[in-house]
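Following this line, the structures themselves.
The following pair of complexes shares a single chain, chain A, combined with chain B in the former and chain C in the latter.
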Partner chain A sequence: MITLKNINKVYRTKTVETQALENVNLEVAKGEFLSIMGPSGCGKSTLLNIIGLLDNPTSGTVELDGRSTEGMSDKELARFRNETLGFVFQSFHLIPTLSVLDNVIVPLLYRRGFKGDKKALARQALEKVGLSHRMNHFPSQLSGGQAQRVAIARAIVGNPAIILADEPCGNLDSKMSAEIMGILHDLNKKDGRTIVMVTHNEAQAAETDRTVHFFDGHQVTE
Partner chain B sequence: MRIWQTIRHNKLFAAIYIFGTALALASTTVAVVVLNSMIAPVYPEYDRLSSAFIQRLSMELPEGGNMGYSMSYDLVRDHMYTLRNARKVSAYMEPWESAYASRSDGGLDFPVKIKYTDPAFFDVYSFRFLAGKRYSDAEFESGMPVAVVGEKTAREAFGAGDAEQYIGKDIRVNFTDYRVVGVVKESTPAQTDSYAGVYVPYTSKQDYDQAVNGIPWIGQLKLVTVTDSLDALQAEIAELEARFNASHEGYQVHFFGQPVSHAVKTFRPGIQDTEFRLSGVFLVFALVIMALLIIPSLNLSGIISGHMESRMAEMGLRKSFGATRVRLLREVLRENLWLTFLGGIVGYFFAYMMLKAGVADLFMSYGVATDFTNEMIFSPVVFLSVFLICAVLNTLSGLLPVYRSLGRPVVESLNEK
Partner chain C sequence: MLKIIFKNLWNRRGRCAWIFIELIVVTCLAWYILDPAIVSWYDASIPLGYDADRLVVVEVSTLPSSDPRYDSDTTRVLADDMHSLLTKLKSFGGVENLSAHVSGNNLNSQNVSVDQLKAGIPRDTLANCVNSVTFIPGQHFLETYGIESVPGSPTVEELSARSYADMDEVLVTKDFADVYWPGENAVGKKFIRGEGENQEYITVVGVVGNFRYQTFNRTNCAVFYFWNPTFPKEDFAVTVRLAPGESPRDWADRFRPWAVKEMLTGNYYVKSVTPFENIIAETEYGYGITPERRTAWLLAAFFLVNLVLGVLGSFYLQTRRRIGEMGIHRAFGARRGNIFGMLMGESVLLATIAFIIGDILYLQYALKTGLNGGHGNNGMYTVIDTWVTHFGEHFALISAIVYIIIIICVVIGTWLPAARVSRMNTVDTLRDE
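The block that comes next holds the complex of A and B.
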């Protein structure tokens, strides 16, 4: 489902060159729940951004769902992200001026040729995360756990094959974290979605199918 | 992106944006209304676009020198009333001296604008008669002292009442009594061609048919026509000019390219300025509008730029879910356009207040108070112009800062707080 070959990422300024990722090779099977662990600054999020086509590798290739993303235009990348990927961020990234329902609809706004009922799909996604009763609220009226559930609903509303979660429980207490992890596991087991999750939490990582560890931009163990 | 939610969640931004836009648009709207009222068809000058005028001519004299004046009655009667290329023709006089009308209650006389016209004047200009009718051809031919008066003038002369009540009364202007035969909805001094408080037959003026100093064709009459072909009409007058010059030894008449359109007559600085081009006026006007818009555009650019910074994470989020830069640019500009339109509506209101308060007098060189009617202020042309100005302002102020901010990498945008 996801194949990374010889991925390198170097950040350059006029005076400093930082190797964020070095020769990373990774395969994630369809329907797998993979966690990525490592200390801060080891390149986990950079890797997730590269898988999510939010950032380009300095060298190496990314294949998603059997397609090489090399040489894709910005427009093609945007379309690919919209149809294939769903993102869950640590800080939720809900749009404060939109209601819960409208936040969930966002990916459908950019779905090319979409003719379906956006609101109905968004309601279904919110039902899946147990938040259909708060669809007319605004993000400022939600708890952290609820906000992250909305973010998950937004990630799945477009029915993407892959969900990328960057420390989805990083801002939540243990009870809420458990709820979020439960939802992610349901999406993986029941819906068969491939999930790649960055986490600092070993217990959460242990619940996933496989964990890869990073240190200083290197993949150290699997 | 919904405009009301945006306003609700960004009250300060929205308020500054709308108010700033409103102030900028108010001044440009005033300029557009003034220009529009000068050249667009408005009551009672609905035929402005096909009107043509001869205001003055110049005659070179056998003894040397020349005389610039209007037309004599002979010229108008023999040649102008029979112009082949004019649908309607009217001649009129506008005295330089002030006129005063008496009040029926014995109060102080009040200044009034008087025009000496023929009956055709009321065909060329579409006056709305509230009572009575124009003076008849017979009344005109016989030089009867009759008058058509503006409603406001009638009220001032006779006191408040129904328009019908003024018919048959005498209005005294400059010590001459005129019997009122018609009352029209009064236009405003801004319509300099048609406006007057009192219209009387020019034949009621004693010396109307006298050539000035006995010089042929030189007199006091001006001409307004309605034509389907200004070129043909100009050619006809040029032919007339040539015929006169060939047959009157020692005299040379010059019409200086007249008749000219209403717009040319309005903006041409001097009658002899035959090289005058309207495009120059519109270019200057467009530059003034741009100058009026550039400063607020720069200010709005700064505000939008700051606002986009605060929305970087949102833009990054939208991109991560599949929005392209162009799509986001469109969305944000559309959102700004709604704010600009709200500013436009408020600005229109400000402009209305400014015009009613007499700010437009600054634009006029006549020194008369210009009373702008709602028809002039709320015309479709003004609406369309303000709409276009809004769009230009929106594009000028928003395009660059929004495009630049949307060029930031997705990850960088997402990490913005």
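The block that comes next holds the complex of A and C.
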């Protein structure tokens, strides 16, 4: 489902060159729940951004769903992100001026040729995360756990094959974290979605199918 | 996309309120400042209807009896002296044509002659005011000013050759003829001039193209050609058309010392030589047009600069604050064009709604006080028909200009940050959230 080959990522400024990722090779199978662990600054989020086509590797190739993303134009990348990937961020990244329902609809706005009922799909996604009663609220009126559930609803509304979660429980207490992890496991087990999750929490990582450890941009163990 | 644009604006109404109010105020201010500037610019841009280039006005006067050069010979014939003086003037290099007239009766003079006329038909009971210009027959007034006759009328040469000796023959401009005899050839038609016992019929003997008496109003002249029995007087003027390539200023500088030596004819002497552009400037200044126009245009320029900077700054800041939000859209599949279109669409929509409200507010004011009419018709009847005097057209045109200016400012103000945000790396934009 996801194949990374010889991925390198170097951040350059005028005076400093930082190797964020070095020669990373990774395969994630369809329906797998993979967790990525490592200390802060080891390149976990950079890797997730590269898998999510939000950032380009300095060298190496990314294959998603059997397609190489090398040389894709901005339009193609945007379309690929829209149709194949769903993101869950640590700080939720909900749009504060849009209602819960409208936040969830966002990916459908950019779905090419979509003729269906966007609101109905968004409602279904919210029902799935148990937040259909909050659809007319605004992000500022939600708790952290609720906000993250909205973010998950937004990630799944377009029915993507891959969900990328960057420390989805990083800003939540243990009870809410458990709820979010439960939802992610349901999406993986029941819906068969491939999930790649960055986490600092070993217990959460232990619940996943496989864990990859990173240190200083290197993949150290699997 | 339109829905999300509306929703964004509606849900961000608190944050957009100040910029919205700013745009409403800007619309009203733009109207108030730009309307007089545009009307005055338009009035100045209406063609004069004659060729004002290479014209010089020579004022001729009579020596006072106390002057040592005064000729006290009472047998002198003023008309002969005048013709002799004109012959000398024509012999001076660079003169193409000339026409003598009553002093202060050249086009663009500060003096305005007005006459009241009725068409010689039963239905016309109202005497209409017209600007009138009086010229001496036998001179080349039309040729000097470059005024053409219209089809159906005698040629310029024929009209110049007429004696107009009976004082009951006139030339009129085309618009003026059309007011009285629309669709008909006015040549041979009659007007009634005067009231009661003084009432007299005057006949139209020719129709010429429209021309304006002054550069700042929209009045078409009626031209009256007749022999003035009191002419020549002690003072008269000559409008001189210079040959192609002659500069009126240089010609005047050359002519003045020559005129002092050579132009004294009988008791006539050249009092002043003024390039026509100076005549126009003096008349405009005399009527207060120049300072008024300068003020209007400077105010408009100052306003536009401030408008561009103010609106640009406001929209720049407004757009820059939304980098993180745009990153979210990018992460979920928005293309660069979507981001650019969304930001641009929001700005244009906000500006359009604010403009509509501002425009309606100004309309209320305009309905009470009227729109800027410029210097219009000076109470004359034969006014060039333009959008300025039609409320609907005037309001629509200035509204369109104000809207375009505001939208241009808004588009520029949004374009730069929107283009930058849409080109930014998605990870960087998300960091801004």
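Here is the rule we go by: the second predicted complex is superposed on the first by the 222 of 222 C-alpha atoms of A that agree within 3 Å, B and C clash if a C-alpha of one lies under 4 Å from a C-alpha of the other, contacts with A are read in each partner's own complex, and residues count from 1 in each chain.
By our rule, a contact is a pair of C-beta atoms (placed from the backbone, for glycine too) under 8 Å apart; a residue touches a chain by one contact, two chains touch by 3 or more.
Bear in mind that the values here come from a model prediction, so they are computed numbers and not experimental data.
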item	value
Combined model on chain A: chain C and chain B, fit or clash	clash
Partner chain in contact with A:106 - chain B first, chain C second, else both or neither	both
First (chain B), second (chain C), both or neither touched by A:93	both
Of the stretches 74-82, 272-280, 290-298 or 416-424 belonging to chain C, the one that collides with chain B	416-424
Chain B/chain C common contact set on chain A	49, 52, 54-55, 74-75, 78-79, 81-83, 87, 89, 93, 95-99, 102, 106-107, 109-111, 154, 158
Complex interface listing, chain A residues touching chain B	49, 52, 54-55, 74-75, 78-79, 81-83, 87, 89, 93, 95-99, 102, 106-107, 109-111, 154, 158
Complex contacts: residues of chain A adjacent to chain C	49, 52, 54-55, 74-75, 78-79, 81-83, 87, 89, 91, 93-99, 102, 106-107, 109-111, 138, 154, 158
Chain B residues touching chain A - in the complex, by the definition given at the top	1-2, 5-6, 8-10, 313-314, 316-325, 327, 409-411, 414
Contact footprint of chain A on chain C as seen in their complex	1, 4, 7-8, 11-12, 15, 324-325, 327-336, 338, 425-427, 430, 433
